[in-house]
């Protein structure tokens, strides 16, 4: 007793199947096309300005830029103040966030399922979702108002460090979870003190995992603009005093964008920023891939 | 012709010189065998012998994975399955898997009728109701679930789930039912219920079953196939094969020397 | 006291910093918001007035709340077909292939592009194109911001749903194939329903991302202080009004901006919490 009279159009169904696959491929290509378009645009418009002096000289003032434009010359100067400011603030943010993040990650790993650890984990997740501009406001209220009494590199770093912190906490915990429990037990069985087992055995074993997390966190904060507008403010001079206003590459891009005389510098600065961000991004992926 | 391989007259399914290779590893080597209508045929052999691969070629499920090549022919009621649309072929053959796998997002009712829904076949409600009731009665599940047809299939016990999956495969009234170790994830009680069910089902259907379990093959199959390293070593009536195996390898397998 | 105990105390106290930071954040935001709420009451949230002129200062957050919600929601809708297709590409059709690895890396890189670079690209590349096809307001507005925002949130929507789609058990899909379904039918009737809460959670988290984006939105939305009246009107978002108006702010205006920050914090918190809840329920 065969089922007869089944009415369906197999040809139509197969065509639908094919059309759907074509759409999936087409839309996927559209999805990733902006990355190609953006990078090409940056290279096309930015490579000319990129030179050694661009990296080591500070930004010109708007008059210098204007006279260079009217003389059809390349705008003099560079973005050294931004590059240095970015590295200063990100490094300082790392100094704050990395130890706290790693130790908290270890705490979460060591206290799986406990009430307090769950609370810390959930709060850390909430912090991860806080918009960066709000972190800028917070650091303004805390550091600018009460610690440095003015816009400062430190306040920028504090905002960035709160951004990095939850990413490092999470990657530390996830990395440690993947290390076999027996390793810890072996260490303890040898009579090695607890703290040495944690920081002398577990952390080095998971080192590349932690590195991946840290590099990724750094690559995320390097391009941040909004929180720095509220905290570091920007500066036309090279500054290494953490209690003084400081520039950063994204802040300079924002300034160039708002100054008609400086517009030509936007692309080279953005290209440089992208190179730095993507390098961190790809290196972190490489470190992660090597682990496997 | 290998004398250890029984010839079947008027087979419903006829496999001729079938070879299957993954990349360069040959999984099934030149198998020729006929399956008799309204019987239970068991495919046995140690793991990796190619028994699951053989079963999957019968409804062309192997084509879901790349780099698998087949040569030879398979005829279902005289029609070459490789020349059919796989959609039609799979509606004419039902398949049951190792683990019960009712669709978790569908109700019991929808699981039974899933074949029709997936194929976009529209019917009147009365027709659907009839198919669901008939299929569930066929697997002796109707009385247990008739009041909870709208519940999710995943709420049933493992054995019930597997019977639901058999009902799902029966809904199209397939000419042949392919089972891939259908009781390997079940407890002994559920297993024996499924075995009883298969014996009753062969009145209306033809059943081909891969099994790991020799005593199961002995209990319910009429014919048995023994495969080893991709080769069909022996094929015959189950009774004969278990009492008087022709090949040394079959004997060693049946006496537990390897497996 | 032995060293084990000290270690435990150190671990605990350092982790406690996270709680202090979060608690302090809420405390400071609420504290900073008090003057604005004291002056305008809950009407601050619903009012559409924004006038910083000395003497008759009036502040209301509604235009920015509306701007944020509309741009984020529109971005979500625009990104849906793209990220849905991408997660099927990565998690189903080309799972574990070289092409998928390349495409997946590119999607990840999308998440790495700084917001300000997206803004520049929107401003210098997308906007002229939109003007050419007849957009008003010099190509600025809610829709332009949503378009760029849509690209920015794709990686967040895709990464979770791609993972969940690739985790749908193979034997479920095989069962559907064995009944004669085509791949499209298997995806629509089996794979997507089985993965739907994960896909949904991914979009919620992406929405949470969109809510807080600042630079790209600021550079494209037009920054007009008014209720957006439609997709193609200019407007302002919560994050961008903070960025724009912060420079010259003190007193009541600063408090109003902090209040908007507090509201943004609460809204993104709720959205992210819902997303996390769905994820937790799944596992």
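Labels for the chains are A, B and C, by order of writing; each one numbers its residues from 1.
Simple rule for what comes next: a contact is a pair of C-beta atoms (placed from the backbone, for glycine too) under 8 Å apart; a residue touches a chain by one contact, two chains touch by 3 or more.
Nothing here was measured: the structure is a model prediction, and the numbers come from that model.
Chain C has its Cα centroid nearest to the centroid of all protein Cα atoms in the structure. Contact tally for A-B versus B-C: the pair with more C-beta pairs in contact is B-C. Rounded to whole angstrom units, the spacing between the C-alpha centres of chain A and chain C is 16. Centre-to-centre spacing of chain A and chain B amounts to 54 Å, using the average Cα coordinate of each chain. With centres defined as mean CA coordinates, chain C is found 50 Å away from chain B. Touching of two or more other chains is recorded for residues 87-88, 91, 119-120, 172 of chain B. Counting only residues that touch two or more partner chains, chain C has 182, 185. The multi-chain contact residues of chain A, meaning those touching 2 or more other chains, are 13-14.
Listing the residues of chain C that touch chain B in their complex gives 169, 171-172, 174-182, 185-186, 189-190, 193-194, 196. By the touch criterion stated above, chain C contacts chain A in their complex at residues 3-4, 6-8, 10-12, 14-19, 21-22, 24-25, 28-29, 32, 81-86, 88-90, 93, 103, 105-110, 112-121, 123-125, 151, 154, 158, 182-185, 187, 208, 211-215, 219, 239, 242-243, 246-247, 257-258, 261, 264-265, 268-269, 271-273, 276. Per the touch definition, chain B reaches chain A in the complex via residues 85, 87-88, 91-92, 119-122, 172-173, 175, 204. Interface residues of chain A, counted against chain C in their complex, comprise 13-14, 16-17, 20-21, 23-28, 30-32, 34-38, 41-42, 99-100, 103-104, 106-108, 110, 116-117, 119-120, 123-127, 129-134, 136-138, 141-142, 162, 165-166, 169, 193-195, 198, 219-220, 222-226, 229-230, 250, 253-254, 257, 266, 270, 273-274, 277-278, 281, 285. Within the complex formed with chain C, the residues of chain B that make contact are 59, 61, 64, 86-91, 93-95, 97-99, 101, 103-106, 114-115, 117-120, 165, 168-169, 172.
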